[in-house]
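Read from first to last, the chains carry the letters A, B, C and D; within each, the first residue is number 1.
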Amino acid sequence: MDPRVGIVGYRGYSGAELVRILERHARVEPVLLEHRQGAAADAEGQAIRNGKGPLCLPCTAEAVRAERIALVFLATPPEVSMDLAPAMLGAGARVVDLSGAFRLRTPENYAAWYKAAHTQPELLAEAAYGLPEFCRESIPAARLVANPGCYPTAANLAIRPLIDAGVVERAAGIVCDAKSGVSGAGRKATLKNSFCEVTENFTAYSVLRHRHVPEVLQVSGLEERELSFTAHLLPVDRGILETIYFRAKGLAGAGELLAVYEKRYANEPFLRLYEPGHMPDLHGVAHTNFCDIGVALDARTGRGVVVSAIDNLVKGAAGQAVQNMNLMLGYPETEGLL
Amino acid sequence: MDPRVGIVGYRGYSGAELVRILERHARVEPVLLEHRQGAAADAEGQAIRNGKGPLCLPCTAEAVRAERIALVFLATPPEVSMDLAPAMLGAGARVVDLSGAFRLRTPENYAAWYKAAHTQPELLAEAAYGLPEFCRESIPAARLVANPGCYPTAANLAIRPLIDAGVVERAAGIVCDAKSGVSGAGRKATLKNSFCEVTENFTAYSVLRHRHVPEVLQVSGLEERELSFTAHLLPVDRGILETIYFRAKGLAGAGELLAVYEKRYANEPFLRLYEPGHMPDLHGVAHTNFCDIGVALDARTGRGVVVSAIDNLVKGAAGQAVQNMNLMLGYPETEGLL
Amino acid sequence: MDPRVGIVGYRGYSGAELVRILERHARVEPVLLEHRQGAAADAEGQAIRNGKGPLCLPCTAEAVRAERIALVFLATPPEVSMDLAPAMLGAGARVVDLSGAFRLRTPENYAAWYKAAHTQPELLAEAAYGLPEFCRESIPAARLVANPGCYPTAANLAIRPLIDAGVVERAAGIVCDAKSGVSGAGRKATLKNSFCEVTENFTAYSVLRHRHVPEVLQVSGLEERELSFTAHLLPVDRGILETIYFRAKGLAGAGELLAVYEKRYANEPFLRLYEPGHMPDLHGVAHTNFCDIGVALDARTGRGVVVSAIDNLVKGAAGQAVQNMNLMLGYPETEGLL
Amino acid sequence: MDPRVGIVGYRGYSGAELVRILERHARVEPVLLEHRQGAAADAEGQAIRNGKGPLCLPCTAEAVRAERIALVFLATPPEVSMDLAPAMLGAGARVVDLSGAFRLRTPENYAAWYKAAHTQPELLAEAAYGLPEFCRESIPAARLVANPGCYPTAANLAIRPLIDAGVVERAAGIVCDAKSGVSGAGRKATLKNSFCEVTENFTAYSVLRHRHVPEVLQVSGLEERELSFTAHLLPVDRGILETIYFRAKGLAGAGELLAVYEKRYANEPFLRLYEPGHMPDLHGVAHTNFCDIGVALDARTGRGVVVSAIDNLVKGAAGQAVQNMNLMLGYPETEGLL
């Protein structure tokens, strides 16, 4: 019998995406875990008379233990994840947390960027950071995996190979101009994300101080002073595209820049590279777990540009979470994701 | 009697916007000039039985002379503008050209970026560049005004004051990450701009080599090696937002950065500044001739960001063209534009 | 000195549209009236350092009297309008109410469709219904005008001439399939109207029981059993398009059907008719006070279709409210609206 | 070894959707068939350096025979399908044609609605109409299946059960108000379908005379005079929603109306019914092969409304084509589609 995996926060956009992916996954059985006191069964599903959906259980240690849930996905805000993670782990389940609760390395760093005290410093110390392309060895044995943020996933997959290859003039700094669809803000009613405010609009937000910045620094190895990161809100449902600018050194052309990625990602199933002269777009990655990368370089002046695109709900959230689950449960990493 | 002004290319997005603005202008009478051989009268207007529209004449030197058209707007591609400008000037009309035909200073520069020979080098030498905020003195007496490109308008209004004030570490370079709505590509049938390709999509194009780059260099005074410019296609009809990154020097905070603009634009009717902590968006400038500017600065590390927003069809095209016309005809600069 | 007119609910979509229109109106001075206890001055306007906006006063009888506000627009929910209308009238101002509070003729009918008791039955009896094309004579002298709903405006302007001309087989019923942009739901944070729920989506709501139905019946003269009305939510910001189906009698072709409207609307400045073979769309009416109408008829079988389009925030709300104000204050009906 | 199936027109929206579905299908191997003379291999796919795609062959009888293609999907315009179908059949392949070429029963009817002569009247006579829910018995043995149009699929699945159950007052007529996303118009560059023309817009087209009307009549059994059908263009990529109005007889409430469908579709895997008070929307069916149906009824006056929704590229095109293929090749009907 396939192991059961639970999804908490299954009505949110990331949670619902998890359910969709796991229903197509050949080797696990998804179960909805309802953590809100007194929440009714899924009213939306009930609108369809002959609809079918996964089992729904209360999100309690007892239920998780009794129903032998092997792994729980927390698609919940960080404060809820800090509450639920110990309980789920205590009930014998492993945990993939999609919030920002366990991504940073120290409670101090968390407090500085999330403006709140971390209530589970020991779990924070224990958690593995779930970016398989750069942390693959620590994920299989982890009890608790912190699934990366959407912006940092696209940023680090583009920046880290450049830093590792030593082709960046770091003194000049790196600019990461990031644009995201609205689903990145979660499924909730806010005026800012209402249709009339977003359609035919575009704006910058959290300029230089987005809470995803420390994740980029942590993985890429950049200093804060070396990175200028600005988030923007795109009038689309899903997708992130980041345009990254840097001063290159030691590269004779776009082909050599592309070769940096080709070498680093030769065996990565979810990284795709665009030929020079072509650039990725959101349609190319929508509803997929791919991260697509394209490059441009003016060799004469050393101005380099890298564009990286992901689906914020898939490689930026639910897809990457399943990729982590596959590593944790010993399945092929691409199971359910191609 | 109000002078007549002609619009060539009135079916395009910029041309149609010109007609809309000029119909509300208190001191001119707009006339449509049809330059295409054998083109029928406006079929679209005819769909409305009781609709009313401006007079439509053939775009010939005879008609311009006979009907005493004082000024002609060319909302046409550069190669058409190079053809029509001498004829219109010869017929006694002054010309505001919205294409890229007369914006650069030399035929060589034009050929390098537009990949075509310039056929009117003398007019190129004569033309005034129509960015009133920085070239106001040369516009009133000009026979031929080159209306600026949409991207350069937003870029130069943000960058030039920084350069003039000496607050940029130029060695580190400036990044201009520019995003435009689809109307910037003109009104024509292309697969790339079809609804299904654009909706829920976003992409970078002309990375580092957009033909608007030389206009930015020309007005801002930057060297090509100092500027990294990338254009992106937003899934919106109209609007441009540009996010500009630089290393600041000599600025103690965002307030001082904002003060650079406040001082420079104290008497400019179409420049609006956002308080620190706020940023412009496309809705704020849609259907207006405003350029809105917001700033952020990390004083400790010198990372500066300026965001500038315009409506590409108004301040980026038709509105600015009318602003130039007002200067040329001696009207208040804001007439018809507030 | 121009008379002052107040706008209550100026932050909502209809209220903000009113402010925009009135700022261009040559003969009144708009004043914002803040009715919410302790509401700060407009924080959004404050984001722009050098922005200018209209005067803002508390919405009290004292302020209205002291500042000699001649007329007050209530762009508020019906329960707020029922509260404020008596106070404003008592302070000597005339009132145009954009809510549904005063549109129906009896408290019973109001209670049946709005599921709440009417608290101002005498004002309900006194109010004039503000559809100028059909109620022009009662508006100039009215103290209180009930501005029509957006759906009924498009419906009645299309249906009433057919009924008056006797060209409808009423026994077969009339279908009005209505589609509206999201701004029709007002400016508030709801999950249903959030960007991700609306973009790339479309749905029917309030099928057969929308609260705008009684207004259509009241003006058109149809019986409830004769009208099937369904509302739909379009993924656009603004605009209403209604497709109306009926069995025609006595019409030999589309030209004769169009002639019904041509005759009825010969002198109406805001009604435009499309030639047979053409149909109105939302772009044609966006940001205008026009109602555009197109027709089709299969003469052999008598199947008739009429399509009517308006901007829900202009002819469907703020524009029509200004049209009513013009009538009430003795100005040309089109002042500020063309 | 899995049988090979070919896709002609694989760059169009329906063709690309077919490729996506068939790549996930467990029992066939998709092959691209290039029918355009001298067309290069897929340039788009080539943009991705490490991308993988299906085999691509010339669309010739020789290739089809040599590579043992068991079945060919024609996602081509009707005139191309009329050309290719005989060649593919002659090469031993069975054919599912997604165009309108083989859907109507007589060459005369085809000529009347498609304004062109039918060049393959014998194949027209032979073709099976591929709406499995109503024609399931004739599909498995057919050499040539005409895949239904998108609008007729949504219309017939909603209307036919009502007619069969005898609950419609046919004398009053049925109104089908249909709205479709832009991908229904195919992947080609037209001004009408360009982003700026479609976004924030909505319009009716082919009022009363859409070429899909005869398919609705043919399957539902209605007379032309009984059906008023109007198509509308929604500013969305994909999805069709149709709102159907009729006079009911013999129904005591919405539950009884829903029961008509429940009974008829008890064993249909792709039909889902909404509880009274709920209505389907486009998001519910996007990227699925479901047809969702919701109902409303005013029992007192007999006004009935049925709303049906599909993804025009899936149940309205590629998904239904695979459903037909499954029937033709003896696979479970839902293979690759759930």
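Side notes on the structure shown:
The criterion applied here is as follows: a residue touches a chain if its C-beta (ideal position, glycine included) is under 8 Å from a C-beta of that chain, and two chains touch if they have at least 3 such contacts.
Just so it is clear, the model here is predicted, and its values are computed rather than measured.
If you take subunit C and subunit D together, the chains in touch with both are A, B. Farthest chain from subunit D (centres taken as the mean of C-alpha atoms): B. Chain centres here are Cα averages; for subunit A and subunit D they lie 37 Å apart.
Our note on geometry: subunit A versus subunit C, Cα centroid distance of 45 Å, whole angstroms.
Inter-chain spacing, taken between the CA centroids of subunit A and subunit B, is 39 Å.
Counting partner chains per residue, subunit C shows two or more touched chains at residues 181, 197, 199-200, 235-237. Within the complex formed with subunit A, the residues of subunit B that make contact are 171-173, 175, 177, 179, 181, 197, 199-205, 207-208, 224-225, 228, 230, 232, 234-239, 241, 243, 245, 247, 279-283, 286, 294, 296, 298, 300-301, 303, 305, 307. Interface residues of subunit B, counted against subunit C in their complex, comprise 46-51, 199-200, 258, 262, 271-275, 278, 284, 287, 292. Of all residues in subunit C, only 13, 181-183, 187-191, 193-200, 235-237 touch subunit A in the complex they form.
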